[in-house]
Amino acid sequence: MLVTLRPEANRAAVERELVAHGLWVTRLEGSSRPALWVEPQSAQLAREDLLAIDGVESVAAPASAHPRIDAQPACVPFGPIRLGTGAPAVLIAGPCSVESPEQIRRIAERVAGLGVQLLRGGAFKPRTSPYAFQGHGEAALGWLRDAATAHALGVVTEVMSPADARLVASYADVLQIGSRNMQNFALLRAVAAEGRPILLKRGMSASVEEWLLAGEYCLHHGAPNVVFCERGIRGFDPSTRNLLDLGAVALLAHVHHQPVIVDPSHALGRRDLIPALSRAAIAAGAAGLMLETHDDPGSALSDGPQALTGPMLADLVREVAGHEEAP
Amino acid sequence: MLVTLRPEANRAAVERELVAHGLWVTRLEGSSRPALWVEPQSAQLAREDLLAIDGVESVAAPASAHPRIDAQPACVPFGPIRLGTGAPAVLIAGPCSVESPEQIRRIAERVAGLGVQLLRGGAFKPRTSPYAFQGHGEAALGWLRDAATAHALGVVTEVMSPADARLVASYADVLQIGSRNMQNFALLRAVAAEGRPILLKRGMSASVEEWLLAGEYCLHHGAPNVVFCERGIRGFDPSTRNLLDLGAVALLAHVHHQPVIVDPSHALGRRDLIPALSRAAIAAGAAGLMLETHDDPGSALSDGPQALTGPMLADLVREVAGHEEAP
Amino acid sequence: MLVTLRPEANRAAVERELVAHGLWVTRLEGSSRPALWVEPQSAQLAREDLLAIDGVESVAAPASAHPRIDAQPACVPFGPIRLGTGAPAVLIAGPCSVESPEQIRRIAERVAGLGVQLLRGGAFKPRTSPYAFQGHGEAALGWLRDAATAHALGVVTEVMSPADARLVASYADVLQIGSRNMQNFALLRAVAAEGRPILLKRGMSASVEEWLLAGEYCLHHGAPNVVFCERGIRGFDPSTRNLLDLGAVALLAHVHHQPVIVDPSHALGRRDLIPALSRAAIAAGAAGLMLETHDDPGSALSDGPQALTGPMLADLVREVAGHEEAP
Amino acid sequence: MLVTLRPEANRAAVERELVAHGLWVTRLEGSSRPALWVEPQSAQLAREDLLAIDGVESVAAPASAHPRIDAQPACVPFGPIRLGTGAPAVLIAGPCSVESPEQIRRIAERVAGLGVQLLRGGAFKPRTSPYAFQGHGEAALGWLRDAATAHALGVVTEVMSPADARLVASYADVLQIGSRNMQNFALLRAVAAEGRPILLKRGMSASVEEWLLAGEYCLHHGAPNVVFCERGIRGFDPSTRNLLDLGAVALLAHVHHQPVIVDPSHALGRRDLIPALSRAAIAAGAAGLMLETHDDPGSALSDGPQALTGPMLADLVREVAGHEEAP
């Protein structure tokens, strides 16, 4: 952001005022008028407030690259409920993969009893290896929908191919874009065209700006709204599987005023740390959590080590339930 | 970790049990006995519990590289107080730089009134540019000590050179190692030899294992205890200045049982996000917070944009005060 | 990799021999037989060579997750030519986007005159913003094919959607998977089914292992061969747009014996550094280069700052032409 | 960099011209005069060239933070020789640690016979673990100096503590700052004060700008010149130990016109990939190489797996010897 001063302005005084407002300021040398550059990653200040500072002549910035996202409300419809600032924390839970009608029915019953609002479960699974279990496909969609409906839960599930968007939309309330597909633009277009809310997972190395732009694709191509889902990014330290970026969650929630939820299961890959990070996510500004759970994690077809057992999920839900995202 | 099975063991059954315990398991092919490799970053299970699994013959692992840290209690003396699991959340606050006797006196009075226990302030400042303010040195140490003593606060301040360790130790209760010096082994040795608790900031790209090893250096060379301080690591996204790694905080607190505090001020570089991340840090398992505050951030000699104003700090302290780290 | 020793073996002597072979070795404590763990990222040694070391009883490792890639030859058919170890360095050049029949015809003529073997050009463009130019689609495919055929060039172009795979394959000799789609498994399947060689760009934060697994998907689903393309990964330093990982190129070429090419244009985003990094890529083991060029970079519809001008490309081609990848 | 246009200028035409010069340009909206922002990481263009563009009124930028480095010539004295653009490639070789008088004497004789100009060897070793071999200290300095002098080699060795700077300077021609100490400002000051050339290794997560600023510290505090040494940075992929950033090498050499050498031994940690990356480093613009070698790598006290054997080093030196860095 460029702040141009009047010729007679006291540059040092303007700088002090900008710093006092939390801005990172650099002097530019050589311009026809005294000028200061404000890093876009420092605090946000309305243009009018900057123009009101004594000595400031004009304030210039690039146009936002994501006007539809900027205009999205902080609380949006999300399947059967609303999600975002002012609404109670939303809980999405279920197994990594939908394995059988019985499995998903048992889990749906259990999580509904805890007050969870949406059921998750993979029918089409993105797997790093072509030899790993790839999901039960359309059959699993039916099992998932039936189990959810029986317990008045909404359904969130992932779409992996543009060709499947219509099919998945006929079963699910919310369509999930996985982290590996955050910049799969053909998929974003096809899924957006279904007119359902989208749960947009952050890519493993996506910047917040790229993530917002992926959201802009969704809104531009017809999605009624987009909820952002942080699930851990790629870091240099193998001590935790991924790096849960709660700073980005706070930035989205408190500065960009976007609805955002956190998936601690994929971030950590191990269930023992999930309760602590779930609490932290809510404290940072997340409007909800997406949690993996399984009745028999040792026999799960995928991601068993990160699945919460029934009692662990129950304890966690009790802790965060009723929590209301601060306005 | 290597799990060797008896020849007659049911390998699939053992694998299921390991996964059920949250372990990441890989089959090894070609060994004289059936063998499974367990990733060290998955859940921790005591050797006895693994040996108790039917079919397991032996369990092997590398010896810990940091036995003294492993033996450190989860709650340790820290200047005038105790810090860690079971103790109330510790608050350290003060300016980035000690600028004058009056400045630090005013701030000490203010933070003491809020219930903060230790006063921070830089006398020797590590600055990326040789032309930036480098601190008032020994004079600042005296101003800091006097201000703290007048309000019954402990003193935390950074040591930048082995030659200054003795001097700083004569003024401070806790000696801080900055993130740029986490692997400055000459400094670790000199500071440890002073026999004071050490606040060890994590290096910008240090793995948790390297951080624990730096702590081992401190204990090996005479420090009575080490408190780890997460302050944000280097990430790929400029949207936030650094990347606050609360997964590592949870790992240290809940798995390694180490005392750990969080410095959200340096992680974010902007004051507006500090309250949210402070709450999240405590929720993740931090035993305390280190916060920068200034009475007139616009005139601060360093890091003004991230300094909390008096009212912001007061609100934040109210929120986290009395919080007790879960056992 | 697990090396188990005979009970009577001299563990220190075995360790010395392993280190002498370039292996990173860690002692395991607690196993029924003395055992050493060898990091998979250290030098590769054939199992027989390890078993031949005095005192070694058995050697165990996980089965390779990508057997088809492991079996792929180091030199493969690639459109009209062969690419890989033993073949001359392959040059692919062309504009970022195919903008008009005239533009691509002029460029085809120019690059063919330099000895370039394949023409590149985007018909479907993955763009971070939905409001940026998205490519001229099928029309551009026709212009690209005609221009290439007129000058006996092969065609490489990107497929962005499974639905387009058949269409693009009817125009192109080599089908490109972009870095944002490296783990778009629906796309990998659809493109592989066309039976054409695949140019598989590395994802922005993909590990080499994940990249090889994406290649395994392609071979498993019908691609005759896969050529890997390094184009810069995400790093923490904004000084260069991306981080060109020539260590990974050397690893693929010299350890995994895979055909690999480098795209320095996207790695750097600026043309002035492309010649130096092109030379470095070939020196590191790349079997070819993919280069962006434009006759009027200031008017390019995308990526103008990284497009080489005609004279720059001519100089660069002269330098690397005739270079033969060492066996 | 801010480019302000005259009111009557054709903004689109100016943008085209800037892009044609390789600049990344963003429009700013809201300024009193039409204004364009040019990313500092795109191509460098002299201010006069920008002012010569029709319609440009003024060009403004922050003052350089490292004026002394900017003024440093591209070829500098470096112990007994000169290093940089226009001079032959410089070779520094030797063991990781100086282990005994005999060891270093044998290696000195061997490398001198190959035409290597400087001998390296660690007397004070920065080790991640306090229990690893920490170097033979002053005794090793004497052995290193004697071995070098006997074969007319210069000496490069690391300083780890300000207190040792004088001592090491009495033995060495070039003083090395290790990567863990790149921002150990007390050490930079003490070493610079000795008036010897400094070999400044890049920190594991240092940006190029931070590296240049660390160099500025050295020149500001008395060093006659600074040579930058890239040795691999921290990346997310364990496939190679570190990530050798040859883009940064090209940037330093070709844009900043700084003398830069590459240490591929520490970047990779394994000797098999060192020849390929050494060739690549020279191709990217490195003015020299620093290589680890050992007569019996299996018995090395540190870093055996990355030490080149005698024959490997001989082959590599033959390949790069006589290479002259292009002007």
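Letters are used for the chains, namely A, B, C and D, taken in the order the chains are written, and counting of residues starts over at 1 for each.
Quick note on the criterion: a contact is a pair of C-beta atoms (placed from the backbone, for glycine too) under 8 Å apart; a residue touches a chain by one contact, two chains touch by 3 or more.
Quick caveat: nothing in here was measured; it's all calculated off a predicted structure.
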item	value
Joint neighbours of chain B and chain A, given as chain labels	C, D
Centroid-based (C-alpha) most distant chain relative to chain B	C
Distance from the mean Cα position of chain D to that of chain C, given in whole angstrom	28
Inter-chain centre distance, chain B versus chain C - centres from mean C-alpha coordinates, in Å	40
Mean-CA-position distance for chain D and chain B (Å)	31
Residues of chain A engaged with two or more neighbouring chains	205, 233-236, 238
Touch list for chain B against partner chain D, complex	65, 126-131, 160-164, 180-181, 183-187, 203-205, 210, 213, 216-217, 220-221, 233-234
Contacting residues of chain A [partner chain B, same complex]	16-20, 22-24, 41-44, 205-209, 232-233, 235-248, 250-251, 253-255, 267-273, 276-277, 279-285, 296-300, 304-306
Footprint of chain C on chain B - complex, ascending	2, 4, 26-33, 35, 37, 47, 57-63, 205, 234-236, 238
